[in-house]
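Pasting the structures in now, so scroll down.
Look at the two complexes coming up: chain A is in both, with chain B in one and chain C in the other.
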Partner chain A sequence: MHEAASPLSRTPAVSARSRVLPLLLVATPVLLALWLVIWPAAEAVILTFLVPGEGGTEVWSTANYARFFGDSYSVNNFTNTLWTTAVTTTILLVIGLPLAIYLRFAKGQLPATVQSLVMFPMFVPSIIVAYAFIRTLGPNGTVDIFLHAVGLPRMRTPYLTPWGPVIGLVWDGLPLTVLLLLSGLGNVTRPAVDAARDVGAGWLAILVYIILPRMRSSLLVTLSFNVLGIFSSFTLPYLLGPAAPEMMGPFMQRTFGDLQDVGMARTQAVITFAVCLLFGALYVWSIAKGRTKSAAGGKS
Partner chain B sequence: MNRREFLVAGAIAGLAASTRLASAAVRFDMYTDSDANISDFWSNVIKPAFEASNADVDLNVVIARTGGGTTTVVERALAALASKTDPQLDFIEEFDPLSVKGAVEAGLWTDLSKAGLQNYGKLNKDAIQTVWSLPYRGSQVLLAYDTTKLPKDKVPKTFADLVAWIKANPGEFIYNRPDKGGSGGNFVRRAIHEANGRDPGVFKIDNYKKGESDELLAKGFAILNDIAPSLYDKGSYTAGNSASLQLLAQGAVTMIPLWSDMALQAIAKGVLPETTGLVQLSDLALCGGFSAAVVPVNAANHAVAVKLADFLLSADIQTKIITDLGGFPAVNWSELPADLQAKYADVIPASIPTFPGGDWDAAINDGWYRTVAPSLSRS
Partner chain C sequence: MARLDLDLLGKSFGDTTAVAGVSLNVGDGELVSLLGPSGSGKSTVLRMIGGFERPSSGRVLIDGVDVTHVPPERRPTGMVFQSHALWSHMTVFGNVSFGLRLRRVPREEIAKRVEATLELVGLAGYGERLPNQLSGGQQQRVALARSLVLEPKILLLDEPFASLDQHLRERLRDEVRDIQKRLGITALFVTHGQDEALALADRIVVMRDGRIEQVGQPGDIYAAPRTAFVAGFIGAMNMLEGAITDGRILAGGLHLAAAGSGPAHLAIRPEDIEITDSGEDGHVTVRRMIDFGSHVVIDSSLADGSHLRLQTTKGVRVGEGERLGVRVRHYMVFAEALRDPIRYRGAGVDMLPNMELNYA
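Here is the complex of A and B:
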């Protein structure tokens, strides 16, 4: 009797546990994120709208934001960050996409070598990249010496100009870009490409009608990851960029650590956060869309 | 003997050895929150040398880094003074005795001018800030230049000459952003001194007044804006002391402001070539400073602390501060070997002006970023 009853009585208990366990597992990171990210971020957003009023009270006001957007120096830093992010992301996609397509479809030993070369920057810390950059592309660096040796004029070095961080960030961001695009290209099957080619489609047509439509969500993910990384980058703009305009990362650090203007640093952080939030939302949206699509595909 | 027994026996032997050592020597607690090169210098040079002549002392170098670590220790010593207990602190190699409120009034610090130090009279008078702090190593910003492009006899010696030289040789000078390293920071401060009658006394730790003081700074920024188009790349500024040093090493510029200890270390290590010249302005030197060692009166090993203070000023250690650390001696150069004097004749400071921190720092840095840094012509 016991033998017969126990498996039956145990079944609901097991399924209850199997329902609770994943929730418990996910609870730790969710609680950590709430405590260490969501809560401080929400607090920062609220505090930027509170300014000291009369008699030690605090009043709701947008004065901090008026100060930021009314200050041409801060606005220049903000637009410089937008510019750097846009240019770097564009260059990354322009270089990364052909590379990823090549790595996806080429055969033989060479693509493996190319792939390991592409991944190489991932293992180099950005402080090393910055100093290597100065020695190579900086004034009287390796490139200059080479140009001089073959009788060409010296190049205008990008070091300490807005292009310095762009070049550094492209180098730094290439591995992730190619990896993400490569995973998206996994959706593009060789038979689809071959079929298109059989009916006479050229490379451009294959790219526009076969490859890109299947990579839309992967492109969105690449875009948002790069924007998030570049917008908040610190080391490369700090070491390679001009003194002014600054990017938001070094600017925030300086406002907070050097000027000890916590209120303004917080405002800058919230503005940076707002821009990143847009692209974060884009990422979540494209992931969620991919999920529902694959779930729907599974049923049909 | 199995593994467990072996471990137990080892632990007992180790414990016995450590207690024997501890009982043989007096543990002397010295603190430092300076950079790694300084704490290394204490562990590798001063500790063995001092212990060699004081066999009963175990010099315990406590690294209280991440800035301000020693302040807490001093607050503890101040509390211990009131409760007449052991502060567990005998010596700090660099601490401003005025920075902890009430410490001087409570009589926490030993008056080192009356502590019977044999070498006290050898001290460079310019280096002494208070009687409670003992200067033992210094560093100052000076100008480092490439003697292959700028002969020693043509090098500018005054600020006016320097400005004239920068304008006559566009693209050959660069200094770093004032908040990113003291070499550029003190160059900016030297320009502010220049614009205000070369009188460092105008700027005091507590006399910054918003608006009125900013006008004094603005006059200095005007000088810097004036030279900006003649700087490297028509007004670029590196992000730190070592980034400027690298441009000089690569031959991209002819002259930079540089910390004396960094310059001497870089030349010794071959980072900068032997042909690097060093010069200090003679009308008013660039800012610098001396570290100040302090001894609390309630130190458990007070006599050893005084002995150590005296030891730091000995010719032997002062020479090592130049040769091993690349710093300045705190004693008069005449107390040191003649060949050293000759070698460093160009960097021996006639005066060591200082610039106060506090509110001035933020005002200078932000003022510079807003008025000097953006005036970059990319045409």
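Here is the complex of A and C:
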């Protein structure tokens, strides 16, 4: 007697394949990451705790970290990097959020134009941005020449001050910030906003009680991405920032390349990595939380 | 309780006119349904009343006060949205109490009012649940409670049951009607479902292309549609194209008395056609019989191939291809094309009782 195979009878095989296939698909990038990132990173972390001992041996020690945190110049650079990251991220969110909200809810031709303008910096390489900034706001730049021409006092240029990298990084990071926030705002429907207005909410109440809670994950992702990018940035701080204090990116490069102090450069890299790891973990946590929520049928 | 007056309300989006000079008066405690096909402008009218769209022209008056330029958060209206529009990060209590919290109502009073409103909509004890833990019907009740708790003067319902299944929709619309009657609240209800409008409304406003085609009580609109569009849109209707010559309309092979001349539409409701007998000399040929239990609908063909739908009492059995003799109890004649205004009204002209069908 012929019996058709029940779909259920194939379920275990299908589910086993469906479990293995995604793992195989991610195997290559994971192995590459292990080889090129995880292993060198782990090795670097270990090596920072190994210092030369007596008789050419190596001993476990926290001397490298003691040296870093005992050196006021290094600490100033670290603090300056934290400050630049915090200020730039804050400015990006303060500018990016209203822009994203406007682009999400405004109708007509103007929002499309605004969006194109917001996205424009994405297509300009950092080095070009840096030189454009120098030519515009730097000493004897366009603004300076204009002020001089109209008889006004010369401006104090932000170039080569801690604000130089901030301005450059804000310009550079705005498109990604707005894109990430816009994707988060996709969770906020127009009827949800209309319903809030209908019960009496003004724009501030809508922002605080309706919009922000519904884009918590997106805000965390935006925050993480910006901190990761800014904290470890090199080009803009190198070209626009002051010589001292400097950001960790140029500081590491100089320690490694000019001073050829590999051990200290490695320690700086591990400290930078540790800070980025915190925000990386925040990003992974927010993504995992979002996935769990959607798997449970919840709406964010 | 409140009066609502729309005075030549209009709305254009660029070159497209969504609403063109709509005027309407809604009395205290009245439930008026805005009925029309997609794109007829009914939701835009509702959104203009709620303040979510700024009118291009005209005025909205609530209790005689011009609120045309008042933002939604300051209007004495409450809106229930098609998509429920619940805030999924808040509990049911949070959703319903949000408006009261914004108004800084004392906490004890908020609890009391929310509890009472949830009980009114049949959701007592659901306060701590999240919206995604509720069924579609329960979510819509929360949306209703969210509006009602603020005691709006005008309740606006924008196709609130569109996403629900038929059974739930019928149950909820009865409940909404009961609540509206109990509270005596003035309400506007947008729908594209004629059954919903006929079952719920004190008056129906039939809209088409941004204009009002007809306003009236459900029974009146059903019995005496003013235009061919309304006739075709409300209830089942056989619309047969034809022409009037020499005091008679010839349409679909039928030949009936009618005044006027020129192209016209003959409109006959399925229940206004009575089966007289069956046999080879019958007027129509049966194509299909659908037994709905409570009544029977017969799809038939006329001599020229036009379709004619008949509705008769339960228990009637006819076979495919069978020929039936019929008699028309009432019919209407609309002159010219569907878009044009009706030319002939009145029992003596377009609603002739007990007319035998005659063939040309």
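To be clear about the criterion, the second predicted complex is superposed on the first by the 268 of 300 C-alpha atoms of A that agree within 3 Å, B and C clash if a C-alpha of one lies under 4 Å from a C-alpha of the other, contacts with A are read in each partner's own complex, and residues count from 1 in each chain.
What we mean here is this: a contact is a pair of C-beta atoms (placed from the backbone, for glycine too) under 8 Å apart; a residue touches a chain by one contact, two chains touch by 3 or more.
Because the structure is a prediction, the values reported are computed rather than measured.
J.: Considering only touches as defined above, state whether A:199 meets chain B (first), chain C (second), both or neither.
T.: A:199 contacts chain C only, not chain B.
J.: Please indicate which partner A:243 is in contact with in the superposed arrangement: first for chain B, second for chain C, both, or neither.
T.: In the superposed model, A:243 contacts chain B only, not chain C.
J.: Please work out whether A:189 is in contact with chain B alone, chain C alone, both, or neither, and reply first, second, both or neither.
T.: second
J.: By the touch definition at the top of the document, which applies to A:113: first (chain B), second (chain C), both, or neither?
T.: neither
J.: Using the superposition on chain A described above, determine whether A:209 touches chain B (first), chain C (second), both, or neither.
T.: Once the two structures are laid over each other on A, A:209 reaches chain C alone.
J.: Pick one for A:142: touches chain B only (first), chain C only (second), both, or neither.
T.: Once the two structures are laid over each other on A, A:142 reaches no partner at all.
J.: Quick one: classify A:62 as touching chain B (first), chain C (second), both or neither.
T.: A:62 contacts neither chain B nor chain C.
J.: Of the residues on chain A, which ones does chain B touch that chain C also touches?
T.: No residue sits in both footprints.
J.: Which of the residues in chain C come into contact with chain A in the complex?
T.: Residue list for chain C touching chain A: 50-52, 71-74, 77-79, 81-83, 85-89, 98-99, 102-103, 130-132, 143, 146-147, 150.
J.: Which residues of chain A touch chain C in their complex?
T.: So the residues of chain A touching chain C come out as 189, 191-192, 194-202, 205, 209-210, 213-214, 297-300.
J.: Which stretch or stretches of chain A touch chain B in the complex?
T.: These residues of chain A touch chain B: 73, 76, 131, 134-135, 138-141, 157, 159-161, 238-239, 242-246, 254, 258-260.
J.: So in the complex, which bits of chain B are touching chain A?
T.: Its residues touching chain A are 177, 179, 232-233, 236-240, 243, 246-247, 250-252, 361-362, 365-366, 369-370, 373-374, 376, 378.
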